[in-house]
Each structure stands twice: as C-alpha cells, then as structure tokens.
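Notes for the one structure printed next.
First chain written, first letter: the chains are A, B, C, D and E, and each begins at residue 1.
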Amino acid sequence: MTQVLFYLILGVCLWALGLYGLLRLKESIRRIISVNIMGSGVFMVMVALAARSEDPDPVMHALVVTGLVVAISATAFALRLSVADVQEDDQ
Amino acid sequence: MTAALIALLLPLFTALCLLLLRSRSGVLVIVTSLLTLLAAAWSLYDVTVNGPQWLELGDWPPPLAIRFQLQPITALLLVFSAMIHLLVAVYAAGSQHSKTRYTDFWPLSCLLQGSLNALWLSGDLFNWYVTLELLGLAAVALVALSGRKAYGPALNYLLLSLGASLVYLLGVALAYGRYGVLDISLLGAMTEADTTTRIAWWLMTLGLMLKAALWPFHLWLPRAHASAPTAVSALLSALVVKGPLFILWRLWSEGAPTELAVEAGPVLAVAGIAALILGGWSALRTPWLKSLVAYSTVAQLGYALMALGLLMYWQLPALDAALWLFVLAHGLAKASMFLAAGELQASLGSKRVSALRGTTETMPVAMFAFAVAGGSLIGLPPSGGFLAKWLLLEPMFETVNHWPWVVGILLGTLISAGYVFRVVALAFDRADPVPPDFSPDRFAHWLALLPALVVWGLALISEPLIHWLTGVPL
Amino acid sequence: MSLHEWMLDGTLGLLVLILAVAVLHVRSLYISIVLFIAFGLLLALIWARLGAPDLALAEAAIGAGLTGTLLLAAYGRVSERRRKAEEPLDWHAGPALLLSLIIAVILMRAVWPLPDLDSALVPAVADQMAQSGVGHPVTAVLLSFRAWDTLLELLVLLLAFMAVRQLLPSLPRQPEAWPLLQAWSRLLAPLSVLIGGYLLWRGSADPGGAFQAGALLAAGAILLRLTGLLPALGWHHFWIRALILGGCMVFLAIGVAGYWLGTGFLGYADGWAGPLILLIEVFATLSIATTLTLLVIGETREVRE
Amino acid sequence: MIILATVLLLTVLFGLWRVLRGPTAADRLLAIQLFGTTGAAFLLVLAMLVDIRALRDAALVIALLAAVLSAALVQYLRRQEKSN
Amino acid sequence: MGMTVITPLLYWLSWIFLLLSAGFFIAGTVGMLRFPDIYSRLHAVTKADTLGLGLLVIGLSLRADDLYSVGIMILIWLLVMGSGATACQLLARYGRESEGDTEADDVAS
C-alpha cells in the first residue's frame, strides 16, 4: 500500500463521485461542479502516476496543466450557458 | 505531407483573421474552404503516389513527440470534411432562411474544420483528447447560435460531452500508466490483454461512444441537432459525430491486442443492431421533421458501429472499406437531407412532418433532394450507401452461421425505408393552400440536391474508392 | 510508508473526500460553491505533496481562484428561485450510486498493478532536455516536445471565449465598492502582476510558466474591474482583440516558420529555442490573462454591426 | 516536522465544521481565509520537509490568491445582496 | 533538512517556535469553533493564524539554507498579515450589511 497506490485509489474515488454527481444532480451549476470534481479525480490519477519515478514524470505534469486550462474554459462556457438559460428578465 | 499541413492550418489562420478583423463575410470562408479542399485533394494524390507518410512535430524522436500520420483514409477524410464545409459555407452565405449570417458562425465553423483536420491527422491519445474537447466546444457553441431555445439542449450536450471526455481521459491515463507511451501505433506493438488494458480500452470506448452518439448514449443528439440552425445541424450530423468514431476505429484496429478486439467485437456489433432498430423506431414515431433526421443519424451510425464490431470480431480488414464508405455516404446524404429539411421547414413555417403534405407540388427540388438522400440512407442500388452495405454483407454470405447479422441488417434497412418513405409518401398528397409569405429559396434547394447526387455518383468511382480504403493494390 | 507519512497522507485524503462529498450533498448551493473553492485550494496542497510544484501553482491560480470567481459570478446572476431550490440528494436510493460504486471497484482492480511499472517517456525527456532550450522539464514538454498540445489548448481557451461571447452576457448593476476594498485592490493588483511576471520569468528554469502567470494576472485584473478601477473591457476594442488572438497567432507563425526553415513544424532552430520559447510564453501569458479576465467579467453588450 | 503538517491539516478539518454550520454568509467566506493561511503554512513546512524550493512560490501564490479571492467574492456577494 | 548548517542550539530554538506556532493555529481553530458571533470568530481566524504563521516563518527560517527562502517566507508573512487584517474588516462589514435582510435565509440551512 504505497503512497502512489493510495493516491491512485483516491483519484478513482473522486472520479466516481464526480460521475455519480453528474448523473444524479439536476441543478446545472451543481452538475458543472461535479464535472470539475471528476476532472480533479483524473488529474489525481495522472499526478500519482507521475510520482512513481524518483524525479516526477514531466510529461504527466504538462498534460495535467493542459487539462486544467481545458477544464476552466469548458466550465466558464457551461456556467455562462446555464445562467443565460434562465435569464428571462433581460432578453 | 505539406498539403495536409496546409489543409490543417489554413482554417485556423482564417478563423483568427476573421476574429481580428471582426468581419462576418461568408466569401472569405468560402474561398478558404475551396483552398482547403484543393490542399486536401493534393494530399490525397500525394499519398496515393508515394504511400503513407509520418511527420514528427518539432523533429523529436518518436516516443516523445506527437506524430502526424497521413494514410489514404486520412486524406480521404480530409477531402470529405473540406467538401462538406464548402457546401455548408455556401448554403449559410447564400440561402435566405439561414439565420447564421450575422453571427460568429464563420470563425466557429473554420475552427471546427481546423480541429477536425487535427483529429484526422493526429495519432496521439492525449492529443485526441484536446481535439475532441475543441470539437465538442465548437459544436456546442454552434448549436447555441440559434438563440434562447437552444441553450437547454446545448448545455445538456456540453455537460455530457465533458463527462465523456473525462471518461476517455481516465482510459488514456490508465493506458499510459500501463505502457508508458501515448502514440497509438507504438501502443499497438506493446499491448497485451490484461485487466488494466481491458478496462482502459473499455473506458475510452464508452467515452467515445457517448461523444459519437452511438446507441446507448445517443439521447442528447436529437434535441441538440433539432434545435440548432440548419447549416449547423448539417455540419454536426455529417462531420462532428464522425470524429470520435475515427478514434474508436484507430483504437481497436491499431491499438488493442487481437484477443481483446475479438472479445469486444460482438458487443459493439449488437449495439450497432440495437442502434439501427431503436433509432429507426424513434425516427418512425417522432412528429418533428428535424428530429426525424437526427434520429436517422443515430440509426445510420448503427451500421458503422456494426461494421466496426464485425471488423474486430472476425479480424477482417476488408470491412474497413465498408465502415468508411458508410461514413462517407452517410455524411453526404445527411448533409443534403438536413439542408433540404431545413429549407422545407423554413419555407412552410412549421416544424411538423405532417406539414410536408404536397411538397412535391410546391417545392419539387427540395423534396427530390430529400428523397434521393433517403435512397442512399436505405441503400438503394447505385448509391454509396448500397456500396457500403454490399461490402458489409459480402463476408456474411460465406458461412451460413452468420445469419443473425444478416437479419439485423435486413431489419435496419426495412426501418430506414419506413421513415424515409413516411415523409416521401406524405409529399405526394394534395398540397394544402400555400401560406401567404411562401417564398421558397430555389438556390438553396439546388444546393441541397448537390451532395445527394454526389452520393449517388459514388458508385461510379467505387473501384479507386475501395482501393484507397483497404490499401489493396488496384 | 513510515507511520508519519501515512498519517499526513491519510489526513489529506480524508479531508479531500469529506470536502468532495460535502460539496455534492450539502443542501444550499452557496455553501457547496464555497466548499468547492476550499476543495480547489486543498487540491493545490495535494499536488505539492505529490511533488508537482507547477501543478500546485496552476491549481491554486486556475482551479481555486478563477473557477471560484466564475462559480460565484454565476451564483450572483442565478434567479432567486434556483438559489433557494434545495437539492436533497438522498444517499440511499439511486441506481447511479450503485453504478458508480461498481465502476469504482472495477477501476481499483485496474489501478492495482500500476504503481510498480514505470514510464518510457521519463528517460526520453531526460536525454532530450539538452536540445529543448529550456531548463525546467515541464516547460520543455509543454513548449518544445508537445508544443502542438499547448497550441490546441490556447485554441480551446479562445473557442470558449468566442462561445461565451455569443450568449450576450449582462452584468447586474455594480454597487459602489468600499474605499477600503479599492485601496486594497490597488495594492493587490500590482502585486499579482509582479508575482505573475516573476513566475513567467522563472518558467524556463523552475516551476512557473505561461498558464500560472496568466491566471494570476487575470485574478488581479478581475479584482480591479470588480472594484471599478478598470474601465469596461470589450471585444470592440482592437487592442483587446490583438491581445487575445496574439498568443495563438505568434505560436502558429513560429510553428509555420519552423516548418518552412526546415526544422520541422513547431520545431525551433537549435540556437533559437530559448528566446523563441520565451517570446511565445510572453504572448501566451498576455492572451491567457485577457481571455480569462473577459471570460469571468465579460459584460459589455458590444454593438452588433 | 510531519506531525506539524498533520496538525495544520487537522485544524483545517475542524475549521470546516464551522463553515458547514456557520449561520451567516460571512462565516462561509471564512473557509477561504482559513485555507489561505493554513495552506501557505502547510506548503512552507512541506517545502522544508521535501526540500523543493518551488513550493515556497506556491505558498506565496496561495496566500496572494486567498487575499484576491476573498476581496473579489465580498464584492460579488455584496452586489448580489444589493440587487435583490 | 539542512542539518549541516545549523548548530544544535538553533535546532532546539526552531522546535520551540514551531510548537508555539502549532499552538496558535490550534487556538485559532478552537476560537473559530467556540466563539459566539461572527465578529469574534473573524478575529480568531485572521489574527491567531497570522501569528501562528509568523512564528512558523521564524522557526523555519532558523532552519533555512539560504537568505532567499527566508526573504520569500517573510514576504508571505507580510502578505498574509495584510490580507488577514483587510479580509477581517471586509467580512465584518459584509456580515453587518447582510445581517439585515438575509438572516432568515442562512439560519434555515
């Protein structure tokens, strides 16, 4: 039960929790939050994989940075879409 | 390889210039689509002459760098997506009814084409994740163009697409964890069938099936495509759903070990048949014209899924040709069907199928385009659809115990004939009195007819087509 | 794992799980957003624990900072009805819960053999580092070895911004900020610009880089805009457009120039790698900062010609 | 040294209880301030522990970010109070 | 840890400071849990934790290898001190301002 395995399992649990939230919740802001949690789960798996070798694997770190930027741009779009969806007053 | 690179970078540059100049002129986009088509055609010629080529980005050695791979099938897909883009750009600029003229449709469609070309060329698992994300965001942005009524389905499409990308990404992480390499062709040499690989491949498959709206995960597609503007739904149905299918094909035919592929083949084939039957059934029952066409997309993708499943199950590379002919034929037919349906709906002013009564009188050309495209979807003899179905059926005739697959295809053809003739039969009734502001757009009708005729012409060039797709020498 | 390390990782893991479950199951939307911001900050600590300082920076700046501001901006605009809609998420029932549990167990089996394998790319990066023109391996991977990923990622950011522009956002009236808040943001914004520049400069030799620096600059600009010290930024200003598109354009131009000069698409001539990468990073930082700022606060209803 | 890091995390854990139960909205924002300070402390201890110099920059960024975030959120939420 | 540089005296001195800072962090959290209203809780979090961080910085800088990291740590401490004080004032004012109309809203949850 090394540290890497512990964080791998933790990442998988976060990913499953996010998936569960995405399937179950109805309020769109909460679903966006659960997609973010799912993303953090995958990133934790990737960083744990990177931590296997003595000096951490730079490719995985670069991929997670890319994933983070992709996640925030998708979240920004989804949030603005969910807000614009209900704005009856101003349109 | 330079031609393919030009076909990839040209749309990206145009999109950036359009944004910088804040111009919304369709002419610039049409010219670029034409140039991209020429570049793609040149790359097709280049690849048929001196064979497949690789381009390591930045000249780094293989395991590290991302590699662009130019195969005959990739060049053909580049030509196919450039053709569809050119058609839709001309429609969006030319037709009166298209609502997308004064919006950001132009840079978004250029970015869509750029990301699709990047997807066809790339061979790296994580690079595919980024291109899929780019594709998904562009598609949702285009769906959201048609105003407030499209925000709900667009948001649902976006969230499911993000979830599917993360399912795919977890598969990629596990595959990288297990083999330490991201390039698909290098992976192909290293993979062996153990639990981690099986789970990683199934995760990637589930993520991609949701993004390609394949059968069990297709529920978001009809609402998203029906509420999108006509030009956008044509783009989405013909091109965007094909990207993930291409990755699925590369994953299973190139990346996965054979016993894993043989084990997963029947599951995908059965899902294909289910897509055919259930997709067709909902297309038969839906009262709305555009969601009928959208459901038919789900059904037709069942053919492609079945071809992929059988390809893996019997390890028969000849079925590649069937799979990609289905994709090409369906893309062309669906583009013309959506343009025709959009025109019919815009001129008659009603979304229902029942409003199409007597359109052969009022709008003969649009209805003819719809019927011809429907013919190719069913697979009537000289069309591209028939060619693909024939190639799919050929290996099944060898042994008698393949009969369940043949019955599946038969049922699928019956149901697709059902929902196409449901519309065409209605069109031959007596026309209701025409609404006062009835102004059919002749130019758009002829434009919708063009791809339908091209798909029927596929049979004429079937010999070189099959040669390109299977790599069998002429 | 020694007992001490075991205790530390156990607490971190417990904390992150409690936060994640609380975020999904707490009734009021407001609390779940604030807890999610805390979750982001905690993730930054976990990345630091797992030996990834770049990610700690990026997660703190992007994950907690900007996502938190975005969520609360959305919460601010959501109508009263949705804010009160308590979402009782009951634990016991639900096939989705069962499905997720089964998937989690299957995934644990898949993950079990992974820790003792290692990746072929780590030695590959190590011996290619010399030609990459940059000292820090992560920046080398981001901007030399996998430059195409980074370029596509800049396009994803640009695409998200273009998509948001279609939705004609409207920001409710802005109450006058307190003088203390204005004074404080006058101090914080230059500090974040300073630290952002510092991170960008160090990016080539130590953890840091375009994305973390861009996110920090964006946080500073958002604060200035919120407290009314910055004029309304809109897409109709040419310099805003030039800033946003600058990142992608420079990157593409250098890539194509590389291909034309024969060092391969997105390849840098051997002597030129360092300065070229720095040039790309500067433009990318400015483009990311402007795009993220406008994503969070883009509120001008620009005129449709 | 590790014990100190764990103690810091435990203080955060108990602090969360107040954030969950806290009556007023301002209590919730305490979480960000709490995480900012304790997070920076944790990172400094970790930087000494595993001897990665870059973690000190991360601590600086977290501290700065907590400040920027709580200022921005107060302004956002105030505006929300103002508008309804 | 940079054992080579520091003498045993400095080692024990830094342990004292570290324990003190842990004590203040714990005090801050206990204050946050036990105090009756928002304003006193604000002080608990901002003031106690900042002092805790200050002692931590002193303790760690005794062990630090070079002046650069000491400089960074002191900068962090100054930043946290400033942000603690301002955030405390902002949140208190926000708590008061929102006390009027949203009291009912939050007590329910």
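Just so it is clear, contacts are C-beta pairs under 8 Å (C-beta built on N, C-alpha and C of every residue); 3 or more make two chains touch, one makes a residue touch a chain.
Since the structure is predicted, the reported quantities are computational estimates derived from the model, not experimental observations.
Enquirer: Quick one: remove subunit C in your head and tell me the pieces the remaining chains form.
Expert: Without subunit C, the chains split into A, B | D, E.
Enquirer: Count the smallest number of chain-to-chain hops linking subunit B with subunit D, moving only between touching chains.
Expert: Minimum number of steps from subunit B to subunit D: 2.
Enquirer: Provide the labels of all chains in contact with subunit C and in contact with subunit D.
Expert: E
Enquirer: From the C-alpha centres, identify the chain that is farthest from subunit E.
Expert: B
Enquirer: Kindly indicate the chain pair that has more C-beta pairs in contact than all others.
Expert: A-C
Enquirer: Suppose chain centres are the mean of their C-alpha atoms. Which chain sits farthest from subunit C?
Expert: Most distant chain from subunit C: B.
Enquirer: Need the CA-centroid distance for the pair subunit A / subunit C, whole Å please.
Expert: 12
Enquirer: Whole-Å distance, subunit B centre to subunit C centre, using C-alpha means?
Expert: Distance between chain centres, rounded to whole Å: 32 Å.
Enquirer: So, what's the distance in Å between the C-alpha centres of subunit E and subunit C?
Expert: The computed centroid separation for subunit C versus subunit E comes out at 27 Å.
Enquirer: Take the average of all CA coordinates in subunit D, do the same for subunit E, and state the distance between these two points in whole angstrom.
Expert: Computed value for the inter-centroid distance: 10 Å.
Enquirer: Do you know which subunit A residues sit against two or more other chains?
Expert: 15, 18-19, 32, 45, 49, 59-60, 63, 66, 70, 73-74, 77, 81-82, 84, 91
Enquirer: Taking each residue of subunit D in turn, which ones touch at least two of the other chains?
Expert: 25, 29, 36, 53, 57, 60, 64, 66-67, 71, 74, 77-78
Enquirer: If a residue has to touch 2 or more other chains to count, which residues of subunit E qualify?
Expert: In subunit E, the residues touching two or more other chains are 79, 82, 86, 90.
Enquirer: All pairs of touching chains, please: list them by chain label.
Expert: A-B, A-C, B-C, C-D, C-E, D-E
Enquirer: Spell out the part of subunit A that touches subunit C in their complex, as residue ranges.
Expert: Contact set of subunit A toward subunit C: 1-10, 12-21, 23-27, 29-30, 32-34, 36-37, 40, 43-45, 47-53, 55-66, 68-77, 79-84, 86-88, 90-91.
Enquirer: Quick one: in the complex, what on subunit D touches subunit C?
Expert: On the subunit D side, the touching residues are 2-3, 5-6, 9-10, 12-13, 16, 19-20, 25, 28-29, 31-32, 35-36, 39, 42-43, 46, 50, 52-55, 57-58, 60-62, 64-69, 71-80, 82-84.
Enquirer: Using the touch definition up top, name the residues of subunit A that touch subunit B in the complex.
Expert: Going by the criterion above, the answer is residues 15, 18-19, 22, 28, 31-32, 35, 38-39, 41-42, 45-46, 49, 59-60, 63, 66-67, 70, 73-74, 77-78, 81-82, 84-85, 91.
Enquirer: Inside the complex, what are the residues of subunit E that reach subunit D?
Expert: 1, 18, 21-22, 25-26, 28-29, 32-33, 38, 41-42, 45-46, 49-50, 52-53, 56-57, 60, 63-64, 69, 72-73, 75-76, 79-80, 82-84, 86-87, 90-92, 94-95, 97-99, 101-103, 106-107
Enquirer: So in the complex, which bits of subunit E are touching subunit C?
Expert: 79, 82, 86, 89-90, 93, 109
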